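Common to both upcoming complexes is chain A, partnered first by chain B, then by chain C.
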Partner chain A sequence: MSTMYQVLRGPEHFLPPAAASMGIRLPDPGQAHIHGKIVNEDEAMEVAARQFLSAKVPTIFPGPLVLWAWNEKAAGKATAIRHLYETLKESVTASQQAMLIPMPDYRPKYPKINPEIEINPNHPNLTIWHNKIDTCMFVGVHCHQANLSLKIIRGGTYCYTIAMCAQAGHEDAMVSFRDATADKIMKLADWVKKLKGSVEPPKD
Partner chain B sequence: MSKERIKIAPEMFDIMPEEYQDLVERATYGKDGRGWKDIGTSKELIEEHSLCAGCPESMAFRYILASLPAPEDTVMVGSTGCTSLVFPHVGVHNIHSLFGNQNAIASGLKRALSVRFPGQVKDVVVLAGDGATVDIGLDMTLQAWFRQEKFTTICFDNELYANTGGQESGLMQKGFVAKMAPVGKTFEKVKLPEIARESGCHYVVNCTVSKPNLVEKVIKNAIHVAREIGPTYLQLYTPCILEIGKNSMEGLQEMRDSEKPTERFAYKEYVSDQAKELLTELAAKEKERKAAAKKQLADKQLAGKA
Partner chain C sequence: MATQSLVGTKNRAGQVVTDAWKLLHEAERTPCFYTGSEVIKEAVRRANCDVMIAYPITPQSEAAALIGELFAEGFIGDYFRGESEFAVMSQCAGAAFGGARVFTTTAGPGTMRAMENFPMWAGARLPIQMIVTCRGINSPLSIQPDTLEISYLLNTGMLVWHAETAQDFYDWILKGYMVSEEPDVHLPLALCCDGFFVTHTKDVVNLTPADMCLPPYDPYRSPVPCMDMECPPVRMMRDPFVMKSNYISYATHASWQQEVWAAVERSRKHTIRWLDGLIEVDRPEAEILIVSSGTAVSQGREAQALLEEDGIDVGIVKIKSLRPWPVDEIREATKNAKHIIVPEFNVTGWLAKEIRATIPDTDRVYAGPHVCGGMTMPPEVIAADVKKHLGLKSESLAGRGS
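Moving on to the complex of A and B:
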């Protein structure tokens, strides 16, 4: 199925259509997608790294699957994510602020979450607005919650979304990887390092 | 879930909100003899909640969660009502069922857990309001008891539908006039504790939540009996202060007034012979555990002095 639809930065509108319903399909193993177009994974790595380096507030949102040490694999991914974050911090200029904000679970919290220190899938826009996040990456979030959040973000914010998914990827992200492993996250960190200094930082 | 799995990845510990760090480091998962006295000295499994100020249900929640014998191996099943507003904040696995369906869900869950984790203790505890337990879900409540399903049913009895503005419920007392029941209840409060006993429950208690030590005792008894023998039922008076025209600080007094010997929430308990035997055995073991702990502490102090 071919489509003219592109998964682009929002705010799209209050209820953006699910990208899957607009004909966007998921990548096969070894592939990724950029704005809904299936590409080679390396191409998407470069685009994701460039997005991080050109953002004012590049942010990683680790979810429960990596925040909690369920098993060795999860702990390994947590180590890789931390490495990516540290690399990002070292690679951006003083005018940029890299962040690592957790999504510890999916409970709707009352009266509200503290957007400075966490993100909740039921209203991710609060954390994005509060911290002025313009590029983010979801990793270790269960797919159904990630889909919900990615749609809300696309609907109501300007934030560029990247999904580092351990399953089949996310149509609703602007860049989506699939079959995420600790090695793949490390590879993205290598791309960030490699492109350090070659990407123009954001203008105020 | 077991206690060993409630661990934050070391690289992520510093970014986790404080409440999660506290849950891992200061909560009483896996602690022997946990109880209401841990409140104030450890991380509670419920802290912030969305109930009204002074709501006795919030007290009940705190005491119950502090008294669960094994919260890390417990799944709670809730239903529609004020309780369903609290469950999202609770640090224990929980499921929200359709209104009235809670005992059917719990039956399936308990059976599935026994198959999935043979030889391991997995407690299932239903916690629902009087509308879900006695009116809308009476069929499911009774059928679970008839089938001798091994889980505990707790009913937070506030004697009306509080959440929706005060409609009459089966557990409302006769003659009571509520905001949405202006004529007044024309028939007696349903005698569910007696029905529970006749339906096969092995441990049944009707009381208020004014005394935390009593709540702890009945919760532990009910869960242990359900684990080993069969269904148990607790009917706890948690008055809706708004719907009965009281102020925030009057909930406790309302419960104290209602538990006097001639009142409808005077302490009432039914224990089957089988359950009596088990509880005697457990009490002896608990006594031994406390004596051993006391001795250990004394030895430690002695060694410190030496």
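Moving on to the complex of A and C:
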């Protein structure tokens, strides 16, 4: 099924469609997608790094699969995520604010959620609006919950979304990787470091 | 992938865990003369199932009882009988929430009684496999084949496949788990056949070796966590945000539903790979096509042969998957057809409606012939309808003549 649909920044619609239902297909191993177009992974790495560096509030949302050391891979990814966050902090200008906000579980928590310290997949916009987040990356979130969130974010916010998925990837993100490993997260950190200073920071 | 690392090891029954593609495409096959019910048992024997839940009252097939024998032989982790169809399907959900590979069977009124569970399974992303050996659902009751119940399953969010033969059934039970357990899919599968015709008749079926089985289900690849009373969807069931009247709660529910149907879409590429396409086409160049699913395809083939004797060239389109629905494939297969005949074993003609909603120039579609309530569909009836549609005369079958 060919499609003209592109997965772009929102706010898209009162109820945006699932990108899969609009003909967007997931990448195969070794690939990624940018706005729904299948590309090689390196191309997506560069786009994701540039997006982070050009954002006012580049933010990483780690989910429960990497917040607890339930196996060695999870612990390794958590270390890599912390490294990516530190790299981001070192690479952005004083006018930018890198953030690391966890998604510890999936329980609906509105209206009591504290958007400064957590994000929830059922109402992610609260955290994004409150912190004025304009680029985010999901990592370690169960795929169903990530897709819910990514779609809601696209529907109601201007936030640019990146998915670092351990399984098959996410059509509803603007950039999506698949088969995420600690090495892949470190590679993204390398791209951020490599592009540091070469990307124009956001204007106020 | 964790389950792949188990290839070459032995399961609880001493079967060798085998790469699924090799098991189904490269392993030696042995022809056996079995009823459809026995074929279901033999497929489940090789499926490395954790749990099977049965409701064996006057059953549409013997499959549930036969799988009980598998439990006694050690091939199934757990097996029990539910109090009702609703209970069975709820218990299947419980087992799947806990991370088990689950199998069950149903038919007719039982399917309808359990219906509430099926969108729940899909919404909870539970890759349960349910065999539907279709039978009549309306009063007066019938245990004879009738595919009306399939139409009720089409909008549950489940994958729905329609097997034509016992061989389809055998292969698709095993392939079904491979598609529905993919993390980007992770949906229940309703694997349907026309009860009695397929379940109670014997046919030669080529079986894979009994000492080889599928890799086990790996719940850690699931797109949702294993059951946790604090996590959705269970949390929603006891503290439902659907009860809250605000935009956020509605938008979340809407997004959740969209995600289920997105997963059906994602199953497309996996289904195409495992079933070798969503449809099968014979003589696509013919101007007359018989498009159908299940055993109506077999009758269509017989009608095709009859019509060929009269010099009428007819093609056959066999629809294997109803969800995902083969939109592009059907458009392509029917693009040159002038007459599209859709024979069905139900009174409403739901398949013809689906086809009409898919292709241009819908006046090409002839919805019929229809039989139901257990009636057979003689190929002569299909052939006569084709001729009638072409404006040709045919011999009287059981009516007043033409």
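Quick note on the criterion: the second predicted complex is superposed on the first by the 202 of 204 C-alpha atoms of A that agree within 3 Å, B and C clash if a C-alpha of one lies under 4 Å from a C-alpha of the other, contacts with A are read in each partner's own complex, and residues count from 1 in each chain.
Quick note on the criterion: contacts are C-beta pairs under 8 Å (C-beta built on N, C-alpha and C of every residue); 3 or more make two chains touch, one makes a residue touch a chain.
Small disclaimer: the values here were computed from a predicted structure and weren't measured.
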Practice task
For A:A98, decide between first (touching chain B), second (touching chain C), both and neither.
Solution key: neither
Practice task
Could you say whether A:V175 touches chain B, chain C, both of them, or neither, answering first, second, both or neither?
Solution key: neither
Exercise for the section: Could you let me know whether more residues of chain A are touched by chain B or by chain C? Expected result: C
Practice task
Mind working out whether A:P108 is in touch with chain B, chain C, both or neither, as first, second, both or neither?
Solution key: both
Exercise for the section: Applying the touch criterion given at the start, work out whether A:I133 contacts chain B, chain C, both or neither, answering first, second, both or neither. Expected result: neither
Exercise for the section: Considering only touches as defined above, state whether A:I34 meets chain B (first), chain C (second), both or neither. Expected result: neither
Practice task
Answer with first, second, both or neither: which of chain B and chain C does A:L67 touch in the superposed model?
Solution key: first
Exercise for the section: Name the residues of chain A shared by its contacts with chain B and its contacts with chain C. Expected result: 107-108, 110
Problem - Complex contact set, residues of chain A against chain B - result: 62, 66-70, 74-75, 78-79, 81-82, 100-102, 104, 107-111, 114, 117-118
Handout entry: Sites on chain B touched by chain A in the complex
Key = 5-12, 15-17, 20, 48, 50, 88-89
Practice task
Would you pull the chain C residues touching chain A in the complex into a rising list?
Solution key: 125, 182-184, 186, 221-225, 230-232, 235-236, 239, 241, 248-249, 251-252, 254-256, 258-259, 261-263, 265-266, 269, 327-328
Handout entry: chain C contact footprint on chain A (complex, rising order)
Key = 1, 15, 17-21, 25-26, 64, 105-108, 110, 122-123, 142-145, 147-148, 151-152, 155-156, 167-169, 171-172
